[in-house]
Amino acid sequence: MDLTVQIGRSELYNPLGVASGTFGYGSEYEKLIDLNRIGALYTKAVTPEPRPGNEIPRIVETPSGMLNSIGLANVGLQRFISDKLPFLKSVPSAVIVNVAGSEERDYFTVVETLAAEDAIWGWEINLSCPNVKCGGLALGTDPEQVRMLTASLRRLTEKPVIVKLTPNVTDITTIARAAEDGGADAVSCINTLVGMLIDTDRQRTVLPGATGGLSGPAVLPVGLAAVYRVSRAVRIPVIGVGGILEPDHALQYLLAGAAAIQIGTANFIDPSIHQRVLEAIEQYAAQHEVRSIAEFGRLLR
Amino acid sequence: MDLTVQIGRSELYNPLGVASGTFGYGSEYEKLIDLNRIGALYTKAVTPEPRPGNEIPRIVETPSGMLNSIGLANVGLQRFISDKLPFLKSVPSAVIVNVAGSEERDYFTVVETLAAEDAIWGWEINLSCPNVKCGGLALGTDPEQVRMLTASLRRLTEKPVIVKLTPNVTDITTIARAAEDGGADAVSCINTLVGMLIDTDRQRTVLPGATGGLSGPAVLPVGLAAVYRVSRAVRIPVIGVGGILEPDHALQYLLAGAAAIQIGTANFIDPSIHQRVLEAIEQYAAQHEVRSIAEFGRLLR
Amino acid sequence: MPAMARYLTAVLQNRPIAEDFYELQFNWPSQAPAPKPGQFLTIRTSQSSVPLLRRPFAFSRYDHEDGSARIIYKVRGAATAQLAGKRPFDAVDVLAPLGKPFPLPDSETRPILVAGGIGIGPILFLARALHAHSPALRLIVGARTAAGLPSQLSGEYGEVIACTDDGSFGHSGTVIDALRSYLSTTTLSTNSGESVLYLCGPEPMLAGGHRLALECGITAYVAVEQTMGCAVGACMGCAVRVLGPERYARACTEGPVFDSRLIDWRE
Amino acid sequence: MPAMARYLTAVLQNRPIAEDFYELQFNWPSQAPAPKPGQFLTIRTSQSSVPLLRRPFAFSRYDHEDGSARIIYKVRGAATAQLAGKRPFDAVDVLAPLGKPFPLPDSETRPILVAGGIGIGPILFLARALHAHSPALRLIVGARTAAGLPSQLSGEYGEVIACTDDGSFGHSGTVIDALRSYLSTTTLSTNSGESVLYLCGPEPMLAGGHRLALECGITAYVAVEQTMGCAVGACMGCAVRVLGPERYARACTEGPVFDSRLIDWRE
């Protein structure tokens, strides 16, 4: 079958991506995972300046999920170029830079500075990180702001622009449509849900910033509902992410209407997930006489 | 310690409630659970007319959670009075009628008709059932509508009015404040999250209506974050619900700022949960020298 | 319906009885009401939140003498896989007995019992209960292949008509095929008042039994299966489509056994 | 750092060695790089999503001859409870070897090893590795009560200084108390260049060891513990506060062993 995925005027050689923030800058997983299997490698968020990230601890497990409060910890634009890009140039996967910031200008800076880098396939605009106090959350929840920011970024780059949607909104389809109107080539959903856990022994929230972002199988149904609804509301491709831990979960996303998928938390848990997902996709396609990824969505009755 | 909880001008004899839709009309659990342990019994949603409910299947398990699409199936106001109230008159718990409908008038009808019933302690206004197509979802997500509906209901009854909040909104605190402004005596949160699952063998959404409401431990972090934020945004009591399966989860809600809690999905799983939660509360209070439920929230550093 | 309760009891035996099928025997608490054929229990197989919900299983046998009860189950997913891992003395957390039993036939009526797939447990329980009183009892049991049929069937319940979809054992075809030919080769269809059908198995099988019963003018009782939440009638999760204004009945408390004419069989 | 990989290997032995402490011995795949003291692995204890994350444990021993490795672990929650249930031949899903090992002392330097609580495993591994080369090695091991101390300690690693918080065995007090008195009764503090500290245990203990090392002008290496996501340096979840402009280092790849002077010990 044909595993390629068309996004804007570009192509991914397979529908399997690794989600931003869970795969570093690729080199960390080089020894563990055959990167030939990864169609798209979404980098950790890149901001103009380096960010140390949030207070510790930053991770806590929840029932079938985890909360993180990494807080856009990243090396910043300059060290991304000097230390991370050289390796990324060598990977077979499409390298998609996850772009973040505290204000609009940060997004422009990252995209403009990196625009000419051939090693970069496209951008994922992270409007939705729940761990950034100023800007972040409000930004991804207001359709008009999303449309305008997307349109501005659109003017800066020929490469595919993917807008990443937060599930922490009343109606995710209006945000998706705003991104589409602004000229996005695709949307990806979902980012993490706002969540919290309390350590009753120490009488504190486990995460020093109180809330964090919930990911993992617990959010699978929320991600699927989002993809199902968004893919029926926009004409651009929808990239499904959230809670995939088994190959069947990935198939569910494709049936729900996703044009491609991302594996996040499961990268931490099962290094064989990528191969298993790809095998399941091929097998399912053979069984249901599907010749391309785009046809999966039509299987749903 | 003093287990009572003050809501409006009324009192619950303990902070443990059983959530609407998971405990029927009480009699179903009479043989299994000592109702003396239940401070508040929230009935299945009552609508003016009987409702058969949604297509089947209505339930599916998800990682550490479940989706339901019961769809406000209930006996309707008349049979509630003739068949269900007689038993409810005999229960020691505070009987709180969960009020629902497809339009505003439905809410008025239920509260007006039942207003004089002594057996009813108060109302939980379900503005947030994600399974009702018309009205339901939109209603609970618009602050102005929530304020006005609450104010109208407030005029119809002296009994405590509790507004139940949906987590499927951009900012749950604005809805909570709207309820407070409208004169609510308390808010409860959270109702279920919108979720979906797909049966890849049969190429269908498992629930015929595609999406359903996600509950159970998977949503615990989402409920805790909601209670934490809402209890810091309003002055009225916040009743915490969502994902409690272990006594420690209930303690987390109290530390997060809940004045009382509700057990939902766990009623199905562990009939000993009520006793275990109450014991844990008493033991924790003794250990931390807390004399009333209201003091729990102050333990959080 | 006798009062149900939650019991923490212990496994006595857990053994494979056919391909993917196991029989779990466990202590039946002396204070618990005796389970009846058609009734079920729910089991919490894990203390964690995966799997989360209790799973329902029909009783397949109850022995008053040694105070034990049994279920026959098939490994399908997480919960049944965990169940298959239980060993003697392991704890089992059950809620029981639940649901309405099969109405028993009077002494003049000839019971015909039909089981397919995981429907085997409750039908064997009923067969055992009826064996003494109804020597004319007929038991029809089906599986996909010979390997899916419990080995101990013959003898214990009188003459058994076994069927396999692939013809690898007994009659070739479904239990409904076998039932149809059985009904047509007996004088039964003419003496309609004297027979009653009991069926448990997949929905198409139940629907087939229902239609045959209508044709022959006899009564059929079916034990249905539906995903359950509470199992005590509180959540409306286990709805079964029925005829009449209410449109749905609860499998857990109004069933799982229904007169087949009450059910809305539309697909 | 040798390349890590995921291995599906098998349990050889899993036995209690002190109150709540177990030692798990498992096959070490021949193609895998030999683990070094201070390195760790992560284990996925369940195929379900509870517990979800892999859990990190330090190697406590590696035997090249029989191709086995070990960890010593304490039962604290869901994952370690599941680990305690593993029997010989059960599968274990490991990611290993991970992290930076303890830097070994040169032959003139006298190593002092200090372990508290779950820090025992990596320290025993290091002690075993150093025993032959550093006869002057000192090992200080602490627990809350006598029951928390592994029974086999004495003999295997030379003379061991044991401490218990409640004085029920060995010295009464913390390992840091014992370390302080050991340092003061030897000439060590004056010959500072000749000694090096290795510590693993709860954070207050590590901080105490660090302060003592500063006082005495000796180097201390600490193996830290932090909740982990990926364990391969990708997620920034296991951050440890360090001095300097970056403010955080990753315990999984830049540690878990750090020179104690790099760490920001503020509470």
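Each chain carries a letter (A, B, C and D) given by its place in the written order, and its residues are counted from 1.
The working rule: a residue touches a chain if its C-beta (ideal position, glycine included) is under 8 Å from a C-beta of that chain, and two chains touch if they have at least 3 such contacts.
None of these values were measured; they are calculated from a predicted model.
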item	value
Intersection of contact partners for chain A and chain C	B, D
Chain at maximum distance from chain A, centres defined as averaged CA atoms	C
Whole-Å gap separating chain A and chain B, where each centre is the average of the chain's CA atoms	34
Chain centre separation in whole Å, for chain C relative to chain B (CA means)	36
Inter-centroid spacing, chain D versus chain B (mean Cα positions, whole Å)	47
Chain D: positions in contact with at least two other chains	49-50
Shared-contact residues (touching 2 or more other chains) in chain A	63-65, 216-218, 245
Overall pattern in which the protein chains touch one another (line/ring/star/complete/other)	complete
Contact set on chain A toward chain B in their complex	62-65, 67, 141, 168-171, 193-198, 200, 202-205, 210-211, 214, 216-222, 224-225, 228-229, 243, 245, 248, 251-252, 255-256, 284, 288, 299-301
Of chain A, residues touching chain C in the complex	63-64
Residues of chain A touching chain D in the complex	21-24, 28-29, 31-32, 44, 50, 52-53, 56-61, 63-66, 68, 70, 73-74, 216-218, 245, 265, 267-272
List of chain D residues in touch with chain A within their complex	3-6, 44, 49-54, 95, 226-241, 246-248, 253
Chain D to chain C touching residues, read off their complex	48-50, 78
